[in-house]
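What follows is chain A paired twice: with chain B in the first complex and chain C in the second.
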Partner chain A sequence: MKIKLAKEDIESSKIQLIERVSGEEMRRCYQCGKCSAGCPVSFAMELPPSQVMRFLQLGRVDEVMKANSMWTCVGCLQCYARCPQGVSVAAVLEALRQIVLRKGTDHERIKDVPFPFMKSAPQQAIVCGFRKFVS
Partner chain B sequence: MTMKIPYYPGCTLNTVAKGFDATAREAALKIGFEMEELKLWNCCGATFPLTPDNLIALSAPAKVLSNARKEGDTVTTLCSVCYNVLKRTNKVIKDDKEKRGVINGFIDSEYDGSLSVLHYLEVLRDKIGFARLKEAVKRPLKGIKAATYYGCMLLRPFEDIGIDDAEKPTIFENMLSALGATPVDFPNKIECCGAHLAMNNTDVVEKLSGNVMTSAVDNGAELIVTSCPLCQYNLEKSQKRLIEERPGYTGVPVVYFTQVLGLAIGADINTLGFEKNEYSIMPLLHRKGIVAGED
Partner chain C sequence: MPRIGVFVCQCGNNIAATVDTKKVAEEMAKLPGVVYTTDYKFMCSSPGQEMLKKAIIDNKLDGVIVSACSPHMHEKTFRKASEAAGLNPYRCEITNIREQCSWVHHDKTKKTGTIKSTDLTRMVIERLKRNRPLTKIKIPVRKKALVIGGGIAGIQAALDIAEGGREVILVEKEPSIGGNMARLSETFPTMDCSQCILTPKMVEAELNERITLYTYSEVEKVDGYIGNFTVQIRKKARYVDEALCTGCGECIEKCPFKAESQFEVGLTKRKIIYTPFPQSVPNVPVIDAPNCPKIQKDKCGACAIVCGPKCIDFKQQDRIETVDVGAIIVATGYQNMANERFGEYGYGRIKDVISGMQFERLASSSGPTGGEIRRPSDGKIPKSVVFIQCVGSRDEKKGVSYCSKVCCMYTAKHTMLYSHKVHDGQSYVFYMDIRSGGKRYEEFVRKAIEHDHAMYLRGRVSRVYEKDGKVIVQGADTLSGSQVEIEADMVVLATAIVSRDGADTLAQKLGIGYDKYRFYNEYHPKLKPVETVTAGIFLAGTCMGPMDIPESVAQGSAAASKALALFSADEMTRKPVTALVNRATCNACWDCLTACPYTAIEREDVRNRQGETIRWLARVNEGVCQGCGVCVAACRSKSIDLRGYTDEQVFAAINAF
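Right after this comes the complex of A and B.
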């Protein structure tokens, strides 16, 4: 696959928004892959954490927005704990979620959450889930 | 006079994890301190926002802290998530003057971050001391191989939490040793259980929690001890699939550390909430001769 690098893609307003909301600078990542190695859910992500960072470095926001990675991240911060550059991919993925949710688009509909779960789960799971998935 | 410690229970300990709360209070009294519940508290929000611009999400935990400061200079929690959220929020308010102003504006407060946020385990380690705890043991957990599951929120991020080493923590093991149990080290003790994905991605949760359970059991664990109600829930639920898929796997009890603490310091066995656990600890206690009876 041919990749065309263009300054206007790499520094697009979308990238700037992601950097502002996450507080992370994409170019700090040097692609060592320790985040993807340590991430307990990378096996279930269409783009593992290091690839999310790489796509964003190349300005390819659309591919990242389409991937399930942001909704699969549990925010356990193992990526951040292991990153030699001190980058929090978890913060980048949360920024992507926030960008979707702040437009009022829900990822999860409350009425679709299974009733047995609502009845028996610890409250913290419900509160946290709503914060992560509902606008 | 008994030392009184201001205590924040949080939403889950007030509802589905009542046993966690009750056993902690009872154990404290037996050890020689009192958990005094805050007069005014609300849910902490159950998640620390990872994006630094999301200050509105800090208003709930800031309100908890601001109210707690009116009652003293420390607040103690039991739930790992409450601990994480309150401690990190407190640090933001303390270190960042600009954000402090914005957050205080949301909640009509002048809180300055001067509270010290503690976990119950820290109270045991730093205020009581594990040596003194050992002296309080009436029913040593001799012969029980217990795996301590830390999960994420009790430890990370290290520079904000700092309760222990982020990669090789020992606070839990040291507590269990004081109680007479044999701590079991295992690779997945600081790996995530799947957390809130229990809401919409049970496949991932079963895999993650399943890995924690098999990693612990393969290293000899007969009991899993934790400090987070969501970890406890996920680890228990994930075992149904393990029982179906792994020949010979029959399920392992997953309990709160305060339940075994109470057990060791001689609390009435019927007050420890063991009947609420999906996989009973009783056969293990009978087998090891810690509690009289048969399976």
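Right after this comes the complex of A and C.
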């Protein structure tokens, strides 16, 4: 992958929006990788938490938006608990989800969820899932 | 008959595990001349030493052997104890039965270890029987120091020695002292202005009555040894009389010609008659002779006409002065590797690719742009600056394998200075690792990134080229696994710190060691960090390897304290193990003279009453002789012996085996 880098990329309005919604500053992350090391679903993410941070530092928002990371995150906050710089990748991923969902585009549609699954899954999981995937 | 005592140490279990120390003591007691033997758990302990002293007195011993560890460990201890009991310390000898016996034997029956210890001890007894009492050599010490190099390390050393009440000669090859630090803008990690903290020290060095400055001077020749060096200093022709010049600067004003300023790293020009920078110490101009038309072809002479006190002398010649000093401190500093060496970065080809030192001058309020960051090509303020670290450093193939240690820090500093001066600018840093070990250093780098918004990219740059008035930098960011292209207005190279041109020649004059990069070698990297193998010569600052200002200053002070310690007594004592020429048999073939690695052998002419030379003899300078014994092996007429290790003693030891 080849990228062109300029001040406009690093400080684009998209990045500023993510920083505002999440309350996190991208440049605080020093790429130690501890978040990716501990994240229980890191293995399933197309961009593990620390990579999400790096891509955002470089202004590569579109690639992060396309990746499954934000939807795979289970919100356990382990990344935040462990980060030596006090960065919450969880908050950043939540911000990304919010940015998508606030446009009214659902990530999952309730009617697509199979009925037997709805019946067997714990109620709390279903509520949380709707909160996370649905606008 | 001699009265020898033998003390065999068990060293806890270190020796006793494989050597029957009691048996060794018993065996030795059977030898003629041995009147007292014993073994003991720890001879070096206080009770052990007391026992040794008591035995010497009680048994009227005239020689003792301690069979224990290597003489490197406790020879001093036991010789001191013997001396305290009234024995000549050189009548105490050590047999090494630990490193050279017990530690290398695994025979738990103790058979082989005991036999070897017995043999070794017996040999040393025979050597001891032929030991003559020796007296320590006393050498007078000249309480004056020479400091070579007037950068921050050398200035600090000179100031500290002067503070300690001793005289110092400070030799600097440039027209002013100050070194590289005088060029810096602000300094990490506290960001104080370099000139503001350096110039008071420079002035102090100039005004201190115990410090004599020799600027625009170089060391020509060094003779002698610790406490007694004789040094020739070449005072290069300045063409301006230092004693008369008032520093008015009229001459500089009127000089019609210019040449590139080395102090400004080529960013601007200076007059042919010049001081390197406004706060130069001494504030006396020099004429750049190769570029002066008056000196070259007798045209011009404007400076001499305007000079009020008439101190310009176009005929001035270099002068050689000889000084006598007791200690030498070498603080000749560093230079930066040639930037042109790395074609891929375009230095020299692309005007807006500059070096870190040039950036320092751009950022300095006394620099060519008055502290505004303006690029060299068109004087515009660059809005996007790329900094490239590790240029030449950590590059085994084309550069040097070591880390230059300061560039991570000064690059972070540069990004800060840049963001403070160009608010809408963006800086990028290509780095391999960020090395910020030091008090408040890591916090400093984080501040550059988080507060001053420097964009750090982990990777090297492979290509820098020009396109439509922009400098395109093509590098990598390994953290995201991508190739990165940046359109820059200016590029700054953090070029490797290397030793000075000529560092090796100076080392050869001084007789000190240097590594393959021509950085000077300390005696011991941990325990003797400012000493050299040559006694009386000390090191300070970046002539030893890359380091920052705090470290250079600490070393300057450390070297000064070593010199002051040397000056604390009128005489210094040395071990009397030196070579001795037999004047009856020496035939002056001078083989010893060529063989001696310390140049300790001199030619002595023996004269008759009329003052005519009747013959020549080799003579050993005891102040210089290190007792290595090379001359003994070289002498064909067997006319040199080493005190304490005479041929007679060595053969007696061998025969006792």
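The rule is short, and it goes like this: the second predicted complex is superposed on the first by the 132 of 135 C-alpha atoms of A that agree within 3 Å, B and C clash if a C-alpha of one lies under 4 Å from a C-alpha of the other, contacts with A are read in each partner's own complex, and residues count from 1 in each chain.
Methods note: contacts are C-beta pairs under 8 Å (C-beta built on N, C-alpha and C of every residue); 3 or more make two chains touch, one makes a residue touch a chain.
This is a predicted model, so every value here is computed, not measured.
Novice: Superposed on chain A, are chain B and chain C clashing or fitting side by side?
Specialist: The answer is fit.
Novice: Using the touch definition from the top, say if A:Arg131 reaches chain B (first), chain C (second), both or neither.
Specialist: Only chain B; A:Arg131 stays clear of chain C.
Novice: I'd like to know which partner A:Ser22 touches here: chain B for first, chain C for second, both or neither.
Specialist: Touch status of A:Ser22: first partner only.
Novice: Quick one: is A:Ala121 in contact with chain B, with chain C, with both, or with neither? Answer first, second, both or neither.
Specialist: first
Novice: Which partner reaches more residues of chain A, chain B or chain C?
Specialist: B
Novice: Kindly classify A:Met1 by the partners it touches after superposition: chain B alone (first), chain C alone (second), both, or neither?
Specialist: So A:Met1 only meets chain C here.
Novice: In the overlay, answer first, second, both or neither for which of chain B and chain C A:Ala81 touches.
Specialist: The answer is first: A:Ala81 touches chain B but not chain C.
Novice: In the superposed arrangement, which partner chain does A:Glu94 touch: chain B (first), chain C (second), both, or neither?
Specialist: Once the two structures are laid over each other on A, A:Glu94 reaches chain B alone.
Novice: In whole Å, how close do chain B and chain C get at the C-alpha level once superposed?
Specialist: The answer is 21 Å, the least C-alpha separation in the overlay.
Novice: Can you tell me which positions in chain C touch chain A when the two form their complex?
Specialist: Its residues touching chain A are 383-384, 426, 428, 446, 449-450, 453, 455, 457-458, 477, 479-487.
Novice: Can you tell me which positions in chain A touch chain B when the two form their complex?
Specialist: Where chain A meets chain B, its residues are 20-23, 40-41, 43-44, 72, 74-78, 80-81, 88, 90-91, 94-95, 98, 108, 113, 117, 120-129, 131-133.
Novice: What residues of chain A sit close enough to touch chain C in their complex?
Specialist: Of all residues in chain A, those touching chain C are 1-7, 10, 25, 27-28, 30-31, 51, 54-55, 57-58, 60.
Novice: Hey, which residues of chain B end up touching chain A in the complex?
Specialist: Against chain A, the touching part of chain B is residues 10-12, 15-17, 43, 45-47, 49-54, 57, 79, 81-82, 152, 156-158, 166-167, 191-192, 194-201, 203-204, 207-208, 211, 229-230, 232-233.
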